[in-house]
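Each chain gets a letter, A, B, C and D, in the order it is written, and its residues are counted from 1.
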Amino acid sequence: MKRKIVSLLLVLAMLATSLLLATSCVGNGPAAGLSEFEFDTSKPVTITFYHTMGESLRAVLDKHIARFNEIYPNITVEHKQVGSYDDVREQIKTEITVGDQPNIAYCYPDHVALYNLALAVQTLDDLIAATNTVTRADGTTEQLGLTADQVDNFIDGYYNEGKQFGDGKMYTLPMSKSTEVLYYNKTFFTEHNLSVPTTWEELKAVCAQIKEIDPNSIPLGYDSESNWFITMCEQLGTPYTSATGSHFLFDNEDNHAFVKEFREWYKAGYVTTQAISGGYTSALFTKNPAEDGNCYMCIGSSAGANHQIPENEDGTFKFEVGIASVPQANKEAPKVISQGPSLCIFKKADAQEVLASWLFVKYLTTTVDFQAEFGMASGYVPVLENVTDNEVYAAELAAANGYESLPLLATKVCLEQANAYYTSPAFNGSSTARDEVGKLMQICLTSTEADVDAMIKKAFKDAVAECKYQAGE
Amino acid sequence: MKVVLQNLTKIFPSRNKKSGEEVVAVNDFTFEIPDGKLIGLLGPSGCGKSTTLYMISGLQKPTGGKIFFGDDDVTELSPENRGIGLVFQNYALYPHMTVKQNILFPLQNLKGADKLPKDVMLERAYEAARLVQIDELMDRKPSELSGGQQQRVAIARALVKMPRVLLLDEPLSNLDARLRLQTREEIRRIQKETGITTIFVTHDQEEAMSISDMIVVMKLGVLQQIGKPQEVYDDPANLFVAKFLGTPPINVFAGEVKGGKLYLGEQAVLDVAGVDDRKVTVGIRPEGFVPDANGPMICDLSNVEIMGRDVSVVSKHQASLNPQIRSIVDADSNISVGDATVRFTLKPHKVFLFDTETEERIRF
Amino acid sequence: MASKAVTTMNARDMQQVSAKQRVVKGAVQFFLYAFLILMALIIVFPFYFMLISSVKELAEYRQTVQTLWPNKIVLYNYVEAFNTANLGRLFMNTLYVGLVSTILSLVITVLTAFAFARLEFKGKNALFAALLGTMMIPGELFTITNYQTISNFFGLKTLGVQLGSQWLQDVGNWKNTFTVLIVPFLVSIFYIYLLRQNFLQIPNELYLAAKVDGTSDIKYLWKVMIPLALPTLISITILKMMGAWNSYVWPNLVANDEAHRLITNGLRNSFADSTGDVNIPVQMAAVAIVSAPLFLVFIFLRKYIMKGVSRSGIKG
Amino acid sequence: MVDGKKSWKAWLYLAPAIVLLLIFTAWPIFNTVRMSLLEGYNAMQASAGVKFNFGFKNFVDVISYGNFLDYLWNTILLCFLTVPISTLLALIIAVCLNAIKPFQRLLQTIFFLPYVTNSIAIGMVFAAMFNMVGNNFGDPNELVITAGIINNVIEFFGGERINWINAGSSYFHNMFVMTVYIVWNALPFKILVLLGGLQSVNKQYYEAAKVDGTSRLRTFTRITVPLLSPMITYVVITGFIGGFKEYSSIVGIFGNNMGPTGDPDRLNTMVGYIYKSLSLQPGRASAAALILFAIIFVVTLLNLYISKKNTHY
């Protein structure tokens, strides 16, 4: 008898838990009913924002939240550093399953694709197009949507990143961006009369020259194998992935060819990468050139410029650094990768929360002062072309040199190539493709197989198979 | 305090789920233990004597029947409310407490009106310790004591509450032979001094006989006989009791009564007037044999063991149910090892007849 | 076989043999020590490497042939490792979580072990076997479901959202609380098993004796069983604290905000933040800082840790 | 054996544990089985109301995955390398420790040190020790900047440096490093348990063996090992259970790449597969976890069976 009661209780507890979990999964509900875009400035609303900002960046953010609250005192912004980008993704992913996602989050395109499996991300098109006005606390008004000027001020490549999801809809606004730039040892280049390469052929030639001058060096360090592969696809116009239809298109002859070419570079000792060298190649670049194994050039993130400063412990510098755009396949149609976080807004049952989130996102992405200050604090590139309207920022940019102020020098290069940014399609599985082509580069460069063509062919085939398997195709 | 057990029964649910058979550990016990006496519960292991003790203590609840202490029905009372002291076979001293703490422990459990002030508790603890003569050892840990000393501590701990009834579970079994004799006397002394009704459990009949005022013999959950040790020995109620008591044990024969005479084999060994003709089981105490050159009972002599005052004669007889007959005779009786046979006459009051089926005593 | 040799020996032989034995014994002892010391060096070497690397300048660490003793001892790696993370806060958080979860865990473990060791109830053995069975299941399996559970405990959060009750939402959402770091791991089957075995060794008569004296179960547990099982309880305490110190995956998932972050996560995060060159000396300094408290505890409570571990085998 | 104990009282004592176990252990187990049987299950789509078919596709996916057999092989190989080596080594060390008097405690303490370490942290230390810095390892124009302290030691003794874990390293050397690290990590616990067992063995057995003139080796194989067999069984079983769950030690050495540069996932394991799938394919992860559980279960039973056959007393 007692045993029956106990087992009954067990079963009941199980049932109750599963029921509760089942009901909890309905929490997301349908898309917020945004038929009307009236934001009620009298009703308090709290929004949450997940990001990865460190302490100094949070200080900038807090300062601007205070400014934002001067015009919208009814909106409380709670923000939180969740960890790395992956942590943000994992956290939100689980939160979506219980309907507990934040209002705003730092995101990469593949994150958005993932969240959209649950249809959790708010499309921004209607909001951007909204023409009704909102009255702020200081009596001024603003248009709820984006004005034509505001849209124009965005760097196009960054702005368009928001609609690369295959359905033509806009899901994100850019927050702060970075790209890859070519760092080079300006002192060395000047000394040996080397010219800064602008194409891959030129780069190869420079590598050969450097190798002759200093055989124990590795002329070029390339941080991200994945970026290398994707950028080459983009520059050469060869297929990489597609957001619609068959996703994984990168197994083709053209791609085999450039990978094989780079393998020869590697075997000639021209190049190393982060995975191969076992750490960021900036470490090799900032070494004393007299030491073995240093790099004279390094292709890395503009956001990592701080790590490319070859500073001695006594505060002097080992050499002067120059920064240039990455080499191109076709100088007429330059392509450089666009990276760095965007902001997405999540659907909520309460339309006021969505509108408040939108107003805040709009503030962060269109306010010149915030973009400038955030750029200075982070080393990331602001997303606005008119960021130089901020005088402090403009002055700092103008004074940037090849020693201690590399981040600004890098930003300067980034702003000059504003028309060259590309982003690759985002879909559920796009990050797998990114990882797999990075591994593919690792394998193809370092492999010691005798039959190189067969090895490359197999590596591509395996990578596509893995992508498809992970995507559940 | 007299203790009365009335139709006391204990049934354990079967361990074996499939057969579902219940185990009757104690079956319909009824007896009365007079006030201030030392009682031995005696029986082979598994006879239910410990269960009975545990039921008296309250650690086990009877399946049926009642237990009275004096006139109070304590059947439903929990152990602590019965006013008992219990000493375990392995003493169950708390190994992490000193002797003093061990003895104090029961007093510290008293609650409400019974609660004692600290100094009274201490005084009582020392009193109990003095009674068992361990007041010198109060600050030692149990592991630093000998077996006999541990035994005394356990008794002191049981006595300190001034119990109405003291219960001892196999109190001597963990002691060596020399200590056993000594402790046996000690228990007797303490019981006499305190006058507490004391019940102890043992499987050793000698131990029970030597110190008890009364013994209770049990077998397979059934009460066999109660009485003063000598009475039970001299007048066993059945074959089991007769066999269980006495060293050397009683000699058992298959016999037959014919015409008022008891026959062992062909030999008519004793007059048993008043018994109908029938087959019987015969028990003869070792001291019931008297060597007699003309005695009616003729046995094949195997061995003679000299024991000083007595002589133990080992012989064989066709009707014996044991391989050998052991008899104790005076040393001056004239038996030599070389003889082929030995003849006995029997002392009538040392010969008991039992029904072959029921093993109940047949009196003559 | 040996007896034949012994019987044929004369006194002189015996002396020779005993001299020979002494030599053999000495040689054996020598080899024993040589072997043990060699193994001990291998065991200790990574720690040594960690320590010397943590006090080297980066340039010295990067020398082609590494030095076995730093040319110049610098401590700034420690300062940097210490400053990169908000260590004071991390220490306090970890200590708090460790203490509370240890105390609660001990209470639950003691109660459960007591019930399994001393009380009789239907289905005891089946239940105990089932509990032991769960120990074989890879713990990774629980994480994803548990995360859902604590995000929306018994659906309370959803209910709170539906009813508009902030209080209910807070009750239902355990994320970024100390609760979530403590509660899900309060029950350790292994500790229950360990303590139950210990309790079973305590003779049943002690329990009966206490019953006769009118001791309640709770008092018996407190006055007799706990003192007798104290070494085991201390072992459990230390292992549990070590667990809090070393836990990483779960806290990283559920409570990685500044107010609740634990030490391992904190250090890990701080060093993941600093992109760029892997500065091994600073990294080694960080490793040394994380390891130091455990080493100290170990030195002082060696006996209990080793006793506990020898019966456990479950790390952390 | 006191009766009259009410069952409800026992359940009261058990209540806290039972409640917590139901929520945080029983339900996850149930949910894992559920997820493993929902084809292509993932929580995101589930929360959007997508329904999943019921079936064994997740299990088929796991088993038919090209790399799965490799991961399984890695797992098994690591188990069968590290468990016997660490057990044997621990046994020898324990016996040696038991045979000495001075410094026994000190050495015992030293051998226990690896236990009180943070496995994430100490993995970083091992990787740093074996890591080479440079380029084009194995190529004619190889460039080695820092060979790593282990290679420094090898070169000091006149050996050739070895590419242990970097690009172009061999599977054999990778496995060697993993084995060293795992054995290093596993030793303290095993030594402790075995030494504890040795110290509780009645000295009379050894004295008897000595009187009989039994050789040391014979004493070891015929007395020590059989008497220790319960402890050996215990460390072997826990070793196998831990071995089949090997994951973090590989991350510690090779990082999330789970293999050297140029051959990612070369050393991936069952649990590595589970973690990799957890995020996007929880259905497959659940199925793999159940398969792993089945393997551990069978191996444990097998171990118990063998040890029972070999325990003679």
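The working rule: contacts are C-beta pairs under 8 Å (C-beta built on N, C-alpha and C of every residue); 3 or more make two chains touch, one makes a residue touch a chain.
These figures come from a predicted structure and were not determined experimentally.
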> Starting at chain A, how many touch steps does it take at minimum to reach chain C?
Replying inline: 1
>> Farthest chain from chain B, going by the mean of C-alpha atoms per chain?
In response: A
> Distance-wise, how many Å sit between the C-alpha centres of chain A and chain D, to the nearest whole number?
Replying inline: 37
> In whole angstrom, what separates the CA-based centres of chain C and chain D?
Replying inline: 16
> Centre to centre, by mean C-alpha position, how many angstrom separate chain B and chain D?
Replying inline: 60
>> Please tell me the distance, in whole Å, between the geometric centres of chain B and chain C computed from their C-alpha atoms.
In response: 55
> Multi-chain contacts in chain D: which residues touch at least two other chains?
Replying inline: 2-3, 7, 11, 23, 27, 31, 43, 133, 145
> Hey, what residues on chain C touch two or more of the other chains?
Replying inline: 62, 64, 122, 144, 148-149, 208, 211
>> If a residue has to touch 2 or more other chains to count, which residues of chain B qualify?
In response: 59
> Which of the residues in chain C come into contact with chain B in the complex?
Replying inline: 203, 205-206, 208-215, 219, 223-224, 227-228
>> If we count contacts the way the header does, which residues on chain C are in touch with chain A in the complex?
In response: 62, 64, 122-123, 144, 147-149, 151-152, 154-155, 157-158, 161, 173, 252-253, 256-258, 269, 272-273, 275-278
> In the complex formed with chain A, which residues of chain D make contact?
Replying inline: 7, 11, 22-23, 26-27, 30-31, 40, 42-49, 61, 65-67, 131-136, 138-139, 141, 143, 145, 166-168, 257, 261-264, 279-281
>> Going by the contact rule set out above, which residues of chain A touch chain D in the complex?
In response: 2, 6, 10, 13-14, 17-18, 25-28, 90, 93-94, 96-99, 114-115, 117-120, 216, 218, 266-269, 272, 275-279, 291-293, 428-429, 432, 439, 442-443, 445-448, 462, 465-466, 469-472
> Where on chain A does chain C make contact in their complex?
Replying inline: 2-3, 6, 16-17, 19-21, 23-24, 26-27, 54, 80-84, 87, 90-91, 94-95, 97-100, 278-280, 282-283, 286, 291-292, 304, 306-307, 349
